[in-house]
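Same chain, two partners: chain A is paired with chain B first, then with chain C.
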Partner chain A sequence: MVKYIVKRVLLLIPIVLGAVILVFTINYFNDSSPAITILGAAATPEKIAVVEAELGLDRPYFVQLGEYLWNIITKLDFGKSYSYNVPCSELIASRFPVTAVLGLLGVIISVVIGVSLGILAAVKQYSIFDYGSTLLATVFSAVPNFWLAMMLMLVFSVKLRWFPVSGLSTWKGWILPLISISIGPISLFLRMTRSSILEVIRQDYVRTARAKGLPEHKVISHHVIKNGMIPVATVIGLFVGISMTGTIMIEKIFNISGLGLLMYGAINTNDFILLQGCVIVCAIIISGMTLITDITYAFIDPRIRAQYVNSGRKKRLKTKTIKGSEGERA
Partner chain B sequence: MIRKAVSSQPKVRKRRGRFAETAHRLSKNIPAMCALCFVVLLIMSAVFAPYLAPYDYAKQDLTQKFVTPNLAHPLGTDNFGRDILSRLLFGGRISLLVSVMAVAMSVGGALIVGSAVGYFGGALDNIVMRILDVFMAIPGMLLTIVFSVALGTTLFDTALAIALTSIPALARQLRASTLLIRDQEYIEAAKSFGSSHWRIIWKHVIPNTLAPVIVQTSMRLGEAILAISGMSILGLGVQPPTPEWGNILASGQEYIRTYWPLITFPGILIGLAMLSFNLLGDGLRDAMDPRLKK
Partner chain C sequence: MDTILEIKDLTIEYVTEEGTIHAVNHINLSIEEGKTVGLVGETGSGKTTTALGILNLVPSPPGQIVSGEILYHGEDLLKMSKGDIQLIRGADISMIFQDPMTALNPVHTVGAQIAEVVSLHQDCSKEEAWNRAEEMLELVGITRERSHEYPHQFSGGMKQRVVIAMALACNPTLLLADEPTTALDVTIQAQVLEMINELKNRLNTSMLLITHDLGIVAETCDNVAIMYAGEIVEYGTLEQMFTRTAHPYTLGLFESIPRLDTDTNRLRPIPGLMPDPANLPKGCAFQPRCPYAQEKCSKEKPLTRDLGEGHLVQCHFAKEIGIEKRRD
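Now for the complex of A and B:
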C-alpha cells in the first residue's frame, strides 16, 4: 500500500509542475503589461519600461519562469499582487478558508442528498418517485448554477426577504449559496447512484441473498449499497476540488469574499499574477484531491487492495487495475 | 385464407443505410426529438433574427427603461430601454455562433491530435498525452479564464479559449477509440495497398471514430453556451454592447432588486439550450450505438 501511495505522489509532481509552467506561459504571452495596471492612467512608454525592469519582466522567459518556480517551491511565494501590493500567497491564504468550507459543505450536502435520492430511485424503479426524481435531475443538471443563484436571490432575498442578499455574516447567508452550488452535483450524484445501484441489484449475489431469505432492507443495505457505492465514492473526492472552483461565480453573485471573488477582482483589474497564483493553488488542490481519491479508491476496492497486501500476486494484476482506476478519472 | 396468413406476416424490414437507421432510431426517442425541435427553432430564430425582432436590438429609448413585459415589449426592456426580446434574438446569434466556432475548433483539433497520436503511438503518444494530462490538471473553468484573459475578448478569442480548454479531454477519448481501430485487419489491408499514413487516418480511422465525436459535439455545444455565458458573468467573453445571452444576464444582476425580466429570460434560454443539446446528445448516443444504451 505504501508503495502505491509513494508512486502516486511521485506521479503528481510532474503534473503540478507542468500546470505551473502552463499557466505561467499562457500569462507570459499576454499582450497587456502589468506595468499599466500598476501605473494606471499615468502610464507612458518610458515609465512602463522602468516598472517592467523593476519587476524583472524584461528578462528572458526561462529566467522568469525559473525564478517563479523556485519561489513557489522554496517559499510558497506566488509573487506580489499588482493591485493589492501585497504577496499573493497572503491574499490567497486569507480568502481560501471561506471557499474551502463552502466547497466542502456543498459536496457533503450534494453527496448526502444525491446519493440517498439515487438509492431510493433505484430501489423503487419505475415508481412515480423514480420518474419524478430522474426527470428533475435531468432538468436541474442543465440549469446554470449562476443563474439559479440569481433566481434564488430574486425570489427568496429580494421578494420574500427570507435571506440576506449578500455576505455570509449570519447562518442564513449560507443557505442560498449552498443550494446554488449543490443542485447540479445533486442531480449528478442522483443519476450516477441510481444507475450504479441498478447495475448491482441485478447481480446474482443479490438474488442469492434474497433466496436465502434475507429481508429486503438487509439485502439493500448489506449487499447492494456496499457494492453499488464504489463507483460513486471514486468521484466524491474529485468533486471537492471541482465544487471549490465552481464557487467562483456563486461568490461573485452573493458577494462572498472567498477565492472566487479574489479571482474576479484580479480579472477585472488585470492583476494577472494574482490570477495566476489563484489558478495554480486551485490546480494543486484538485490534483491533491485526485490523489486522495485514487488512494481511497484503492482502500475501498478490495481488488486493488488485494494486490498490494498479497505481494505474490502483485505483478500480475498491477498494470490492469491501476489503469482501470485512472480510466475512471478520465 | 392463405393470402390472409401471408399478409399478416410482418413485412420484411426495408434495408436502410447507416444514416437512415440512426435517424429512424432517433426519431423514436421523444425527448431527443423535442430537443432537436428546440435546437432547430433556436437556429432559425438566430438566422432570421433581423426579421423576427420587433425592434432594433441596439436602439435605446431612455423614456422606456425597465418596462415590465407587455404587448409592445413581450419580455420588457432593459436599463437603456432596449427591447429584451430583440436583444435575446440577436444575442442567440452570438451565443450560437461562438459555441459553434468553439466546438468546431475543439473537435477539429481533438480529431487531429487524438487520431494521429493514437495511430502513430510511441514517443509522440507519450509526450502528447503527458502534456494533455497537465492541461487536465487545471479545472476547465479556470483554464478558460486564463486563456481568455491572455487572448482577449473578441468572438474568436472567446471561442478559441473555450476550444483550447476542451481539446484535451476529447483528444484523449479519440485516442482511446483510435487505439482500438489501429490494429484491425482493414487498416492492415489499407497499409498493404500502400496507402499513406495520413490517408489511412483520414479515410479509415476518423470515419470509424465518428459516432462518439458526433455525440460529443452535441454535448459540447451546450457546455460551450454555458461557458460563454459564465465568462460574461465574470466580465470576460463577449463584451457589451454586443448582445449575448450571458452578458444580458450579467447586466441584469445589477438591477436584481428592482427588475426581474432581465435576469429571468436569458437564463431560461441558456438552460433550455443546454438541456436540449444534452438530451440530443443522449439520444444520438443511443441511436448510433444501441449497445451503449443504459
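Now for the complex of A and C:
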C-alpha cells in the first residue's frame, strides 16, 4: 500500500508537467500580445516589439518554455504578472486561501447535508420525506449557482438587508456565497447517495445482516453506508478539487477576492502569464485531490486495495482518467 | 419428540403492479427437535419465501404475510415485536443463504462478520467473540489466520463455509438452509453437506433443508415436504416419500432423475411449466401438467388427505395413483 501511494505521488510529476506544457503552449500561440496590456492605448508596433523583447517573448518557443519550467521548478517562480507588475506566485498565494476556505467549507456543508439527507431518503423510501427531498434535489440541481446567487442577493441583501451585498469581511458575508455554492452539490450528493444506498440495501449481504438479528440502525450503519459511499466518494473528491480552485462566477457576483476573481481579471486584461500560473496551481490541486480520492477508495473497499497491490493494469487505467479530467480543466 | 417449529396456514403474497403473486398458499409444516425436514420444489415454488417468512424477512414491500401463524416453541414469530424477533434471528433460528458469492459483505473481514453475530447475541467481550469466530472457522475447515481476510480472497466453496460458520456460531436450535450446495460444484457439495450434518448432530440442531435435489434429500432428511406453486402437495417421512410416492408431481420428480440401472436414452421431464403464480389455475395447481388429471381436478381444489402414518397428500386420486404405480 505504501509503495503504491509513493508510486502514485511520483506519477503526479509527469501529469503536472504535461499540464504546464499544455497551458504554456496554448498561451504561446495566442495572437494578442501582453505588450498591448502593458502599453495600453499608446501601443505602436515599434513599442510593442521593444516590450516583447524586454519580456523575452521574441525568443524561440523551446527557450521560453525551458526558462519557464526551470523557474517554476527551482524557484517556484511563475513569472511576473503583466498587469499587476508583481510576481504571480505572490498574487496566487494571497488570493488562494480565501477560495480554498470557501470551497472546502462549501464541500463540507454539501457532504454533511447531502449525504445524510440521501441516506434518510433511501432508508425511508416511498415516504413523504423521500418524495419531497428528491423533488427539491431535482429542482435545485437544475438551477445554475450564479443565478441562485443573484436571486439570493436580490432578496436577502438588497430587499431584506440581512446580509452584505459583497465581501467576506464579516461572518454574515460568508452565508450567501456558501449557500449558493452548496445547493448544487447538496442536490447532487443527495441523489447519488440515495440511489447508491438503495442499491446496496437490496443486496443479499444486507439480508444476511438482518438474518443475524442486527437491529435496523446497525444494519444501515455497519453494512449499508460503507458500501454505499464508494461511488459517492469519487464525486466528493472531484468536487473538493473543483471548489478549492475557484468558483469564478460566485466570486465575481459577491466580489470575493479569491483565485476565481484573479483569473477573471487575468482573462479580461490579457494577463496570460498570471492566468497560466493560476491554471497550473488548479491542475496541481485537482490531480492531488484525485490521488487522495483514489487512496480513500482503497481504504473503503478491500477489493480495490487488492487490485492496487497486485495488478499494474488497473493503475495505468486510473492514471488515464486523471489525465482526462485534467485536460478538461485546463 | 418436541415440535420446535410449527407453520400453520401460512400465506405470503407479493403485491406488484402486474398483479398479486401468490408465492406461498396456506401451507402447514412442522419441524421436530433434531430432525431435518427437506423442502423440495422447482425454482419459484415458494421455498425461499417460506424460509424468509419464518424469520419475518420477506422483503416488504412488495411482500406481505397475509395469514397464518409460525409457532416457535409455541410463540408466534409473526406477532412478535421487532426487538423480540431480532433476539431470535441469528441466535435461535439462523439461515444459510443460497448464494455464497453475494451473502457476505465485501467490505468487512470474514472474522468480523462472524464475530458480529456472536457479540450481538452472547454476553462476551470483543476478544471472546473474535476467538469464537476463529473457532467456528476452524470447525468448518478454514485456518484461524484467514479470519482477517476479506470475502473476495475466498473461493466460492470457502465462502459457503464462512456462511455456514456464521449461521452456526450461536448454536441455533433451528437452521434454515436455503440450497446450501446449489452454487457449489459436486465435489464440494458432498463435503459441505457432510459438514452441515456433522455440526447439526453435534449441536442437536433441527434443520429445514431447502433443495431441488432429491439425492441430497435422500442423504440428509428425516421428513420431506414437496412444494408446488406455493403449496405443499405431499408430506411424509423419507421412507414414505421414496417407497409410497402418492402425488403425481412427486412421481414426476422421481421419474425425471436419470436412472443408472435401466437403459435410457432420454430424460423424462415433467411436461409443461409451473403455472404463473400471479394467475393460478382453478382447482388443482398441478392439473394442467398432470398425466392422471380428470375432470374433477380442474373444478375442485383437492384437500390435504392423510394416507396413514402422517403421510399427507393433496390430490383427489392419490390412492388410485399410488396403487397403479406400485403395480408397475
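Throughout what follows, the second predicted complex is superposed on the first by the 301 of 330 C-alpha atoms of A that agree within 3 Å, B and C clash if a C-alpha of one lies under 4 Å from a C-alpha of the other, contacts with A are read in each partner's own complex, and residues count from 1 in each chain.
We take it that a residue touches a chain if its C-beta (ideal position, glycine included) is under 8 Å from a C-beta of that chain, and two chains touch if they have at least 3 such contacts.
In this text the structure is predicted, and so the values were computed from the model without any measurement.
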* Looking at the overlay, what does A:43 touch: chain B (first), chain C (second), both, or neither? -> neither
* So, A:208: does it touch chain B (first), chain C (second), both, or neither? -> second
* To do: Determine, under the contact definition given at the top, whether A:120 touches first (chain B), second (chain C), both, or neither.
  => neither
* So, does A:226 touch the first partner chain B, the second partner chain C, both, or neither? -> second
* To do: Check the residue A:108 against both partner chains and state whether it touches chain B (first), chain C (second), both, or neither.
  => neither
* To do: Could you look at A:139 and tell me whether it touches chain B, chain C, both or neither (first, second, both, neither)?
  => first
* To do: Tell me which of chain B and chain C touches more residues of chain A.
  => B
* Asked: Contact residues on chain A for chain B in the complex?
  -> 14-16, 18-19, 21-23, 26-27, 29-31, 138-139, 141-144, 146-147, 150-151, 153-154, 158, 165, 195, 241-242, 245-246, 248-249, 252-253, 263-264, 267-268, 272, 275-276, 278-279, 282-283, 286-287, 330
* Asked: Which part of chain A faces chain C closely enough to touch in the complex?
  -> 126, 202-205, 207-216, 222-223, 226-227, 300-303, 306
* Asked: Can you list the chain B residues touching chain A in their complex?
  -> 130-131, 133-139, 141-143, 145-147, 149-150, 152, 169, 172-173, 222, 226, 229-230, 233-236, 249, 252-253, 256-257, 260, 263-264, 267, 270-272, 274-275, 278-279, 294
* For the complex, which residues does chain C have touching chain A? -> 55, 57, 59, 61, 82-83, 86-91, 94-95, 97, 99, 102-108, 116-117, 120-121, 150, 152-153, 163, 166
